[in-house]
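The data blocks that follow each hold one structure.
First chain A sits with chain B, and in the next complex the same chain sits with chain C.
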Partner chain A sequence: MKVFRLSQTELDSMVQGWSQNRRVYRPAAGRQQSAQADCAPGWERVAGSSPLTVATGPSKTSVKTFLFPQPETMQTYTLKSSDPDKGLLKEPEKTTGKQIIVGLRPCDARSVKLNNLPFREDPFYQASLARTVMVGFTCNTMCATCFCDQMGGSPMGTEGLDIAISQVDGTMIAEVLTPAGEELIADLSLTPAEDSDINALAERRKDCPQADSAKLDALKSRDLNKLYGAPVWQALGESCINCGACTFNCPTCYCFDVQDEVVRGQGRRIRYWDSCMFPLYSLHTTGHNPRGQKMQRTRNRFMHKLKYFPDRYGPFSCVGCGRCVQDCPVNIDIREVIHDLLAVE
Partner chain B sequence: MPTINEKLTEEIRTQAKALLANGTVAAVIGYSRGSLPMTVKPTVVRTAEDCGKLVWNSFCVLNLANYLPEVLKSVEPPRGPRDPKPEGPLAKVAVLATGCWSRNIVVQTQEHQVDPERVVVMGVASRGMVSRRKVEEQFAGREILTVEELDHDLVVKGADFEEKINRWSLVRDNCQTCTHPDPVLVDVRIGEPASERKNPNPFQQVDEIEGKSSEERWAWFTSEFSTCIRCYACRNACPLCYCPTCFVDDAKPQWVGKSLDAVDTGLFHLLRAYHCAGRCTDCGACESVCPMGINMRMLTKKLNKDVLNLYGVEAGMQPGSPLPLTTYATNDPQKFIVTEAKAVKEGV
Partner chain C sequence: MISYLPYPVRINEIKVETEDGNLKTFKLVFENEAQRKAWKHVPGQFAMLSLAGQGEIPIGIASSPTEEGHLLFTVNRAGKVTTALHQMHTGERMGVRGPLGNGFPIDTDMKGKNIVIIAGGFAVTTLRATLIYLMEHRQDYGKITFIYGARTPGMLLYQDELQEWAKRDDVDLHITVDREAPGWDGLVGFVPTIAGQVAPSPGNSVALICGPPIMIKFTMPPLEKIGWTDDQVYLSLENRMKCGEGVCCHCNVGPTLVCKDGPVFTRTQVKKLPVEY
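Moving on, here comes the complex of A and B:
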């Protein structure tokens, strides 16, 4: 791993340099009045040389939009009788060229790793991942809604990042963590970090909030299936309005549905984000809905994150970014849900 | 000296407790404390002991009428879809209601979603609810850790700042333009009644958009809705949206595309607004819950203006009368009917 010292000017010109021949994206500053035409809501494409600063806390919308786009074209086809290829599914034109995401936070970077567990054999996710380079900013401040440390991450974490940029005592330090990260800085002459910088960074990492492993273990060892009928779900389900604000802004919610869209004989098979909060999500073709009640859908979201996913893959499907806490119209707070589940006798 | 909200909270708790204790109602729909500053949780209280949870403050932005049909159902004895209605009166539910929420209960009654005999309206005059978004925008870049509410000011505190700001300046746009803060239905009065507010033009924001050229209006529309993530929080927070299957969820036929195509997103918002025509009370829940901060209220407000101008009706203001768009009168405006003579004259 290489470690460099950066000035704001060096960072800005570095990012600007990348944007010359690659797509570089950053979180939009403040409330976005209008989404950019070629970019998902909450993000903007870096163009020109505006100084790169990122607001405290995670970006408004999560980084998943770059790896699991809403929507993603899986196949294309034509239904025109005159076309000899009528009805043949074809691979869509591949998007090539690297995309660089600058300014994401450690929670989002970790989410990319977590989503890679269910998507490890998914050609679309893997293709997006292969062409994405992530340059993240570690966090010196945790917001009131942040709880990455409680879910096995860290505000100074580097998991999933190619380059991690940290501010330590007024000095900006860049850790280049992967070959993809090294490729980005290959042509640049950067100042190597002093030993004192590296020590200060290690010190900061050691001092930052750490996972309360006792609580994580307590939750992991709890047989949540036994709590399936617990009264906590009733109260939660009653206040939940079953919108998709939590799932769509969650970096680790990865459910999708597949659909054909045909316009004037030209079709495309897309996958688009779906949410377990929506009744249609679990509706069977028979008309039966195994999660026909609001409460069942609310419960499923938490059971998936805290039970089904860890049972299958190990870690919880939550990185503690706090977006769901921030955006929930009825203030359903996953931290309180965990607390309540642990408190049930 | 307790603040206005502390007094209202106390009164709500006392009244709710009495209603539950003497068996008048089986449940009370109110709010309890939230886990973050400027948030509250919609809560259904079913025992007198739990009434201590209830709170009232300026952040009660969700419309509690939204929960009413479901909570009414929850207090009925369980029965299958084909089972007959049980004999005798069904249990009642009490609900907190401000001006607009009470008007929504009227609309729910007019649309047969709610049996008014089973509802006890705990009426609270609204002082206008504060927009969390406005407060956050005022403190952009600084993290708000607590917000304390005084009668006319908010005290906003962070790790290294403390500021007092006038409450009214942060009140939501719909509340600022509202003229009917007092509930139209009151079974149990909480606090003092409020008189009608004067507002020479409650539709000023709509007028501003209408005053633009069609290109400018299109630019406003496409830009405003471009950040929509289709989470449907606006729809689900709305007490008018109770269709078992919403048109956006229909799969056969499918009316609207599912992804973020601007045409689909725009269609969803336009149709959602049109479904609310003549029924919307401008409670502002849709706008308050939007995670992306979209001002979709402008569409419903425009329709409220049209319905008022065409039929002289504001939704939910006349409990006994039918909804404006479910009835007709011979002198209804019919400018939209194109006659042959008119078509020739206008060169259509």
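Moving on, here comes the complex of A and C:
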């Protein structure tokens, strides 16, 4: 691993250099997205040389929009009778060229890794992953809603990142972690970090809050049906309004719906973010709905994150970014849900 | 890597199965010879039927892998895609994506055992595939009992085949309808009742049960009474599906994904799950 010392000017010119011939995106600077954003809300394409600073905490919307965009075209077709290919589904044109995401936080970087578990055989996710380079900023401050440390991450974490940039005692230090990261800096003459920088970084990392992972991991070995039948769901289900804000803003919610869209005889089959908060999600054509009650849907979301996903893939499907806590209109807090579930005997 | 791209197929034949016209069997042939050859399924698996402009639906494969060259799907007209499919004509193009899911354990748990197949209503489709497969590999299995019930004689699927199978002496066939009907001289009574009367003892046996939940519920007590255990009973679950490949999450029953881990489960497995199907 190579480690460099950066000044703000060096960082800015480095990012500007990348943006000359590649798509570079950063969390949107203001609340209003600029007209030239060229990407999903909450992010904007880097153009010009404005200094790159990122607000404390995770970006307003998560990085999943770049790996699992919506809508995403799965197939295209024509329905024109004159066309011999009428009704024939075809692979869409592939999106090419690297996209560089700058300024994402360690929680979001880790979410890309977690989503790769269910998506490891998904051709669209894998194609996006292969052309994405992530340059993250580690966190010196944890927000009131942040709990990455409890979910197995760290504010200074590098998991999933190609380059991690940290501010340690007024010095900016860049760790180049992967070949994709090295490729980004290949032509640049950067100042190698001093031993003292590297030691300071290691110290900072050691001082990071670290949760007792055994405590939370206890959830994984709890009996599924006991957690499922826990009294906590009734009260939670009553306050939840099933708006789905938590699921859309969640970096590790990854379920999708598939629909056909036809405009003037030209069609495409698209997938887009769905939410298990919605009754249509599980509705059978017969009218039967296995999760017809609001409470059942609320329960499904938390059980999926904290029990079903770990049962299937190992880790929790949560990085502790706290967006669901920030965005919930009825103040449901997943940390309280975890607390209540841990109390289930 | 998963491919979400359906294989192009043509509708070769459409047969109206039931007196209400709501069930039709579609015989599909592959447009691409290499894809036809590559297709391998086991009874109990399903596939996504794909209509450009309408969407995709998961439907059990009604043909046995031994019926080469085409696929059969018997489809109930119920929603958007099935309604559009019912309006299609012979010769038209559609798509098939699959085979998906696990299927019945024809090469493992079922091998060398007596097989009891219990079907209610139009859930019989994948069991038709199974029965034909078993008959083609007759020496690999013990006694075969096939119990199938519908509301009326006119609602029985595959009526010509039922008559053919009845002539065979290596399959014990019991076809029943819910109540007396003009011209019907066969069994009368609900599937659970008939199953209780004709089901063999559970020694070295496996049962495959597909039908409405209420039928499955009432079929179990008579079987249990004569000693059947949950490990010997295979059920096929249904849930709303989108991807069919265990990614999109729609069909989850607790941590289990019906499309990927199922649709076939033993009753023991089903009992461990939350009742979200």
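Following the convention adopted for this analysis, the second predicted complex is superposed on the first by the 337 of 345 C-alpha atoms of A that agree within 3 Å, B and C clash if a C-alpha of one lies under 4 Å from a C-alpha of the other, contacts with A are read in each partner's own complex, and residues count from 1 in each chain.
Keep this in mind: contacts are C-beta pairs under 8 Å (C-beta built on N, C-alpha and C of every residue); 3 or more make two chains touch, one makes a residue touch a chain.
Computed from a prediction, not measured in an experiment: that's the story for all the values here.
On the shared subunit chain A, the superposed partners chain B and chain C are arranged side by side without overlap.
In the superposed model, the angle subtended at the C-alpha centre of chain A by the C-alpha centres of chain B and chain C comes to 90 degrees, rounded to the nearest 10.
Contacts of A:Lys80 after superposition: neither chain B nor chain C is touched. Shared-chain residue A:Gln126: touches chain C; no touch with chain B.
In the superposed pair of complexes, A:Lys215 makes contact with neither chain B nor chain C. After overlaying the two complexes on the shared chain, residue contacts for A:Asn242 are found with chain B alone; chain C is out of touch.
Look at A:His339: by the touch rule set out above, it reaches neither chain B nor chain C. In the superposition on chain A, contact of A:Asp257 is made with both chain B and chain C. Once the two complexes are overlaid on the shared chain, A:Gln296 sits against chain C while remaining clear of chain B.
Judged by the touch definition given at the top, the superposed model places A:Cys276 against chain C, while chain B stays out of reach. Aligning both complexes on chain A leaves chain B and chain C separated at their closest CA atoms by 6 Å. Shared contact residues of chain A, touching chain B in one structure and chain C in the other: 257, 259. On the side of chain C, the complex with chain A involves touching residues 1-6, 8, 50-56, 78-79, 82, 92-95, 238-240, 242-243, 245-250, 252-255, 272, 274-277.
Partner chain C is touched in their complex by these residues of chain A: 74-75, 77, 79, 86-91, 118-119, 121-123, 126, 224-225, 228, 254-260, 262, 267, 269, 271, 274, 276, 281-286, 290-291, 296, 300, 303-304, 307-309, 311-312. Against chain A, in their complex, chain B makes its touches with residues 34-37, 39-44, 62, 66-67, 70-71, 74, 133, 137, 140-141, 143, 145, 223-224, 226-233, 235-237, 245, 249, 251, 257-260, 288-289, 291-293.
By the touch criterion stated above, chain A contacts chain B in their complex at residues 30-35, 40-42, 55-57, 60-61, 70-71, 141, 143-145, 235, 238-239, 241-245, 247-249, 257, 259, 261, 270, 272, 275, 278-280, 294, 325-327, 329-333, 335-336.
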